[in-house]
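Quick one: the structure is below, questions incoming.
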Amino acid sequence: MSKKGLKIATIGGGSSYTPELVEGFIKRYDSLPISELWLLDIPEGEEKLTIVGNLAKRMVEEAGVPMTIHLTLDREKALQDADFVTTQFRVGLLDARAKDERIPLKYDVIGQETNGPGGLFKGLRTIPVILDIIKDMERLCPHAWLINFTNPAGMVTEAIYRHSNWRKVVGLCNVPVGIKMGVAKALDVEADRIHVDFAGLNHMVYGMDVYLDGKCVTEDVINKITSGDSSMTMKNIVDIGWEPGFLKALNMLPCPYHRYYYKTSDMLAEEKKNAAEEGTRAEVVQQLEKELFELYKDETLRTKPEQLEKRGGAYYSDAACNLIDSIYNDRGDIQPVNTLNKGAIGSIPDDSAVEVNCIITKDGPKPLAVGDLPVSVRGLVQQIKSFERIAAEAAVSGDYDQALLAMTINPLVSSDTTAKLILDEMLEAHKEYLPQFQ
Amino acid sequence: MSKKGLKIATIGGGSSYTPELVEGFIKRYDSLPISELWLLDIPEGEEKLTIVGNLAKRMVEEAGVPMTIHLTLDREKALQDADFVTTQFRVGLLDARAKDERIPLKYDVIGQETNGPGGLFKGLRTIPVILDIIKDMERLCPHAWLINFTNPAGMVTEAIYRHSNWRKVVGLCNVPVGIKMGVAKALDVEADRIHVDFAGLNHMVYGMDVYLDGKCVTEDVINKITSGDSSMTMKNIVDIGWEPGFLKALNMLPCPYHRYYYKTSDMLAEEKKNAAEEGTRAEVVQQLEKELFELYKDETLRTKPEQLEKRGGAYYSDAACNLIDSIYNDRGDIQPVNTLNKGAIGSIPDDSAVEVNCIITKDGPKPLAVGDLPVSVRGLVQQIKSFERIAAEAAVSGDYDQALLAMTINPLVSSDTTAKLILDEMLEAHKEYLPQFQ
Amino acid sequence: MSKKGLKIATIGGGSSYTPELVEGFIKRYDSLPISELWLLDIPEGEEKLTIVGNLAKRMVEEAGVPMTIHLTLDREKALQDADFVTTQFRVGLLDARAKDERIPLKYDVIGQETNGPGGLFKGLRTIPVILDIIKDMERLCPHAWLINFTNPAGMVTEAIYRHSNWRKVVGLCNVPVGIKMGVAKALDVEADRIHVDFAGLNHMVYGMDVYLDGKCVTEDVINKITSGDSSMTMKNIVDIGWEPGFLKALNMLPCPYHRYYYKTSDMLAEEKKNAAEEGTRAEVVQQLEKELFELYKDETLRTKPEQLEKRGGAYYSDAACNLIDSIYNDRGDIQPVNTLNKGAIGSIPDDSAVEVNCIITKDGPKPLAVGDLPVSVRGLVQQIKSFERIAAEAAVSGDYDQALLAMTINPLVSSDTTAKLILDEMLEAHKEYLPQFQ
Amino acid sequence: MSKKGLKIATIGGGSSYTPELVEGFIKRYDSLPISELWLLDIPEGEEKLTIVGNLAKRMVEEAGVPMTIHLTLDREKALQDADFVTTQFRVGLLDARAKDERIPLKYDVIGQETNGPGGLFKGLRTIPVILDIIKDMERLCPHAWLINFTNPAGMVTEAIYRHSNWRKVVGLCNVPVGIKMGVAKALDVEADRIHVDFAGLNHMVYGMDVYLDGKCVTEDVINKITSGDSSMTMKNIVDIGWEPGFLKALNMLPCPYHRYYYKTSDMLAEEKKNAAEEGTRAEVVQQLEKELFELYKDETLRTKPEQLEKRGGAYYSDAACNLIDSIYNDRGDIQPVNTLNKGAIGSIPDDSAVEVNCIITKDGPKPLAVGDLPVSVRGLVQQIKSFERIAAEAAVSGDYDQALLAMTINPLVSSDTTAKLILDEMLEAHKEYLPQFQ
């Protein structure tokens, strides 16, 4: 890595999340000496990039760290000799997400950013772009690590393993850290006393065992949850409780997204109600973002505004900055990330992406072996992995039948007939971002 | 095996299917010299046993084969020194099946004999009885083969492997032979020119490749099906076509029961309509059976009546008799049966039950290795296997939470909350047959 | 396949074994209507090709079957539109084999045609030639089946799977049929009453269970062997008995070549004695062949001469002709061959070659699943597979260090230092046939 | 764990190594507050126990830590409520080891403490004793961790997993730390800048990759070794260099014991020479120990004497104390230990023992997944695992044929005939310690 300090390139730099990231980098400057942060965006995002970029510059100035912020629309310049490339872009912006959420609902199917038909289409739009970025990275910064936040992070990481030769990639999500924080809150202890054995797939990860000061307390935590404690939730997912008996027999912590699978009908009803009353999540977020960018414009604002927390990306910055810091400094600490399985989870092929606790080293994440998943969840996890792989193939090939197969085998889609109706409507709605299907 | 001819014990001998079986044995008498056929039933079934048993006696007499038919309510006598034990009993009779079909529908969930909540409860009622029979077999006929027709045949076979030491068991189903016959009809050729590579689980089996005179014609057959040919169906499952693109990308033949998973919402709508208009399948069958037993009473009837075919068990007799014949005669022919996996299907544990093409020998079935299943179906198959294993555990333990877990992870059940409602209602409805849950 | 009768191309057609093959084809003409048999050889083998080819013509004439024998040095012509290609060539002829046998002995290491350093060098010489033939087949007869007799058949088949895209290949060996015949002889019954469950690798295959009329008699057979019966041997391997206790605990039938691994020091002593007294096996065979070709020249000879049996290739013809017949006629019978594992043997990768019982169909061999090998042999089998894979890589790459690695990890080679000495001497001795190492 | 400080029980407390252990505990007293150290031995060892125990008491007194040393021959008292149990006993003492080393040499077979016939017999003597200790632990200290130093540590750990229900066990060896230290010395850097990815089995472990400050330097280290650097060795194994080409193609660091397998003939020659000139290793050690105990008797000696280092157990104390410290303090650091595989190494069953890098937590070691081992070593590792499993079965069953099978499949034994000769002589020589074979 470069001698004079690190160069980071952030693709989708105009995101409202950027102040989170910048704050994280500023806080860690001593151990993670970033000299250049390149915020890259596309022409349609130039206005937002300018607003958030200028805030970033003011934050750095205020903090007094020697980090230069570069704003650019030129991918070549951003990637050239970068040490880390982080992605937080959204193909089609929140408008596309709103369609991902709205269209399936018409067919009584969950509409969600990363699950079901919405997740499929986010993947179809995103994967070709990521693979294109990687082609540039091979040329411009072959030693860089790609830290991928862009959702669906599991499917995207799988696609990179299956459809490119790039291996220096980590998929990242704030769900595991959210679970850990929730456990700490539920037990009313400091978070650093809690350890959770995470294993599964992105947005399909289980807390297999929970430890307090090294002692296994899984059963206690499950009792807490089933007796009504609701801290095990996340802001962007409605709060519906689990059946106590189900959770006791499962004997693991599900993640919030598991509700789409284990509480499908309840979530659907809730989603439909929300969409009617206050709009889908994307629509709510669009309003929030509008307000945020108004705030960001204020030239007297020189630190991350508190309002950003409502946006829902709690711990994203910490997850990303801690990961980059541990790779750069070869820390060898444990973090749950999306990486090559290598046998860590028995039911999943060695060469697939999994979300699992890893030791983070300069050589990247090294997964902790968990053996086979408990029988009760092996099927669902395998099914999502099947879906991710077929979806990634469809994203690359642009094959209509493959996309229909992916949609039909998704456990949230109720029939092949419905799958076809949704597929056709969504292909039309997103056609601008799906050139491979023309 | 016994020198003077074979002894067969048929548990649930009073079934309306028995004439099928008897006809099959008569036809094969030369190669399969059965000297004693013991039809066993429970006191509640004595009347039907007498009726069908007497018909069996007349059939044997008419055919002029030296086979003795014994009717008994005494399991000891029936099992003593048997060479083969076949099971076709139904705990709770068709009344219980009607509940399995009706109750889930109330909650907008598929109600079916072997799938979803109905399949779970049929398993909960049946597995303890089968394990009890096996205890008797260990004592009374330790060298016998158990040929299990009793549904859910996959879950029952899995339960035997997991919860007993008995290994001389084969689970049997007529679905694969039905698919083969359907293919032959679709291609308008003799069935013996067709070979299908079957692999999967019971009622979740795929025709991975189809051969005509040894030449692979999978694609042709899929084109036939997607272009409207409807012969790939079975009488007891409503006829709804597949989306052509889905099937082409799947590139295998699904079995009729796959429609519950790939066409859930359509099947549910159909089921609800049928239940309202003509009754559930069990209710229809109850009427059919009534008529059949009226027929059977006719003392001039000395052969299997044609009307039996409507009952839906096409090829059951052939499947069973061919299997017994091939074991007895060490034929080494290929038959699709439920047996220990032994690595034949990559995604499934070696010590689980699978439905797969086997060589049938005196030493039992030896599965043909198919490698891993295609990615697209690995998840669903794994999920059903997960369900079968948790369900079998609940059947043995009588643990409420395990049963709730099994119900919730079943892909046909829409949420843990719904699962609990259905579970509670069904536990109450079937409590007479579920002593382990008291 | 061609309408007017089959075309077979035999590479290495000038071999002394050819009359075996021709006799096999003549006997099966009714079911296997071969219209053209092309015997191909290289210029150095032209004289032998002419002698044996003319005998073949006389045999066909004598038998009165309408099969044309073509003798040629032109590979293009031989392969053009062939239905089956059989290989029985030997790169470097028996002179090379003699070196494979002699050189290792100098270093107190087993010198053998297919095992140890000899097997490695036979592979290094043969694999590039086979891969070259396959390139021609892809162009000239893309629908043909390659039936490979050329040793080391296991390593060659592995190399084809790893280093080409050709999948219509079967590796063939007469060892399993020899074991079966030996068992029949030991039990004094007709061979067709015996069935053996074979599994392992080529020349490393185990008879996992033995059946007489379908009944398992493994223990009886092992008792026969350990009590002094010596029929379980083959002519080209010296007859040394097994330790009874070892074989009883192993509880399987080893193959004759297993003696090199389980009786290394005894075999080495025997080999050294034989080499000193009567010459190595290659040298003995050279003399035998000289006599055979003298016989073949006799124009009055119009059938296979009895003396051929001494050559050691018992059952080769039967194995080959039965395989071709079963593929052509889609027989679905069981034969032990070298094919893709596909999960049949648990310890071996799905995409490696194994020697295992298969159903033989028009679509090729379909392996029977045996699950994992017994713990006691899992290591040795894995070790030979490791050796085969590294050796195949060295054969393709011509990399000296890879070859040294292959030699060193071979269980018959006693140290890396010795490995290097043998490697250097053999590379020099065979350099004419190892252009990839120049 | 106990509130008032930890209780440690050391079985074989009279060992000459005990001062190492005591020194390690004293150094770590602040983080590892041991209040009671129980040194347990058998009556035959009472004299040595008294000598070394008194030295331990003086060491503790000198250091001024409040740790009580208890000397006892009563296993009940030693184990009662222990927090950790460490084992360093030797069934049959060094006399037995001398036989393990001498007898095989007579038959031109490696005689070694933990490999070949010697390792087998050490296992046969040790495993029943360990399983007996575990029975006591289940009763007396069910929450204790068993830290097993007793060799053959891999086979013993495997035996515990296969033949008991005890899971709180870690097998420990100083070979990996020795390799790491050797690498540091070879690169002339501080050891804590070096990280090695260890994977394999006990005494069959590979350094799969080496890192300096997080950067992979495997190739550099291999170049150092092959260019003559000899620091990669251990005192108790003679120093013979590797063939450079072999090591380059292997592309991993072998451990010193690998020389028995990759340099068998050289090691045998060396062993025979040493045995003739200076005695076997056990005989040399016996002399060393005599001198050590003379030293220990000196009442003015109040610290670990320097001469102990010659004994060969470098890093044993550090390995043990660091492990106990990390378990007690839930440190989460990486240590290479023998533990349940759980999928960490692809070729080895999930429920077998492996030696692999683990995170050490209060809940025990959690292995890092390495995927499948490189093809070149998969066979040898599998073979040693096969040997360990069959040997452990023989140790438990006392079955002669199983023991012969274990001996024969060991790669260091040259034939089944030789195996039987060695087995018979060693069974007789050790019969006092092998009651299960009577």
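Order as written gives the chain letters A, B, C and D; numbering starts at 1 within each chain.
Going forward, a residue touches a chain if its C-beta (ideal position, glycine included) is under 8 Å from a C-beta of that chain, and two chains touch if they have at least 3 such contacts.
Quantities reported herein were computed from a predicted structural model and do not represent experimental measurements.
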Intersection of the contact lists for subunit A and subunit B: none
A-D compared against C-D, more contacting pairs: C-D
Distance between chain centroids, defined by C-alpha means - subunit B, subunit D (Å): 55
Approximate Å spacing (C-alpha centroids) for the pair subunit C, subunit D: 44
Multi-partner residues of subunit B (each touching 2 or more other chains): none
Topology of the chain contact graph, where touching chains are joined (line, ring, star, complete, other): ring
All pairs of touching chains, each written as two labels joined by a dash: A-B, A-D, B-C, C-D
Complex contacts: residues of subunit A adjacent to subunit B: 108, 242-243, 245-246, 248-250, 262-267, 347, 375-380, 382-387, 389-390, 399-402, 404-405, 408-409, 411, 414-420
Parts of subunit C lying in touch with subunit B, wherever the complex brings them together: 195, 197, 209, 211, 213-216, 330, 332-334, 341-346, 350, 359, 361-363, 366-372
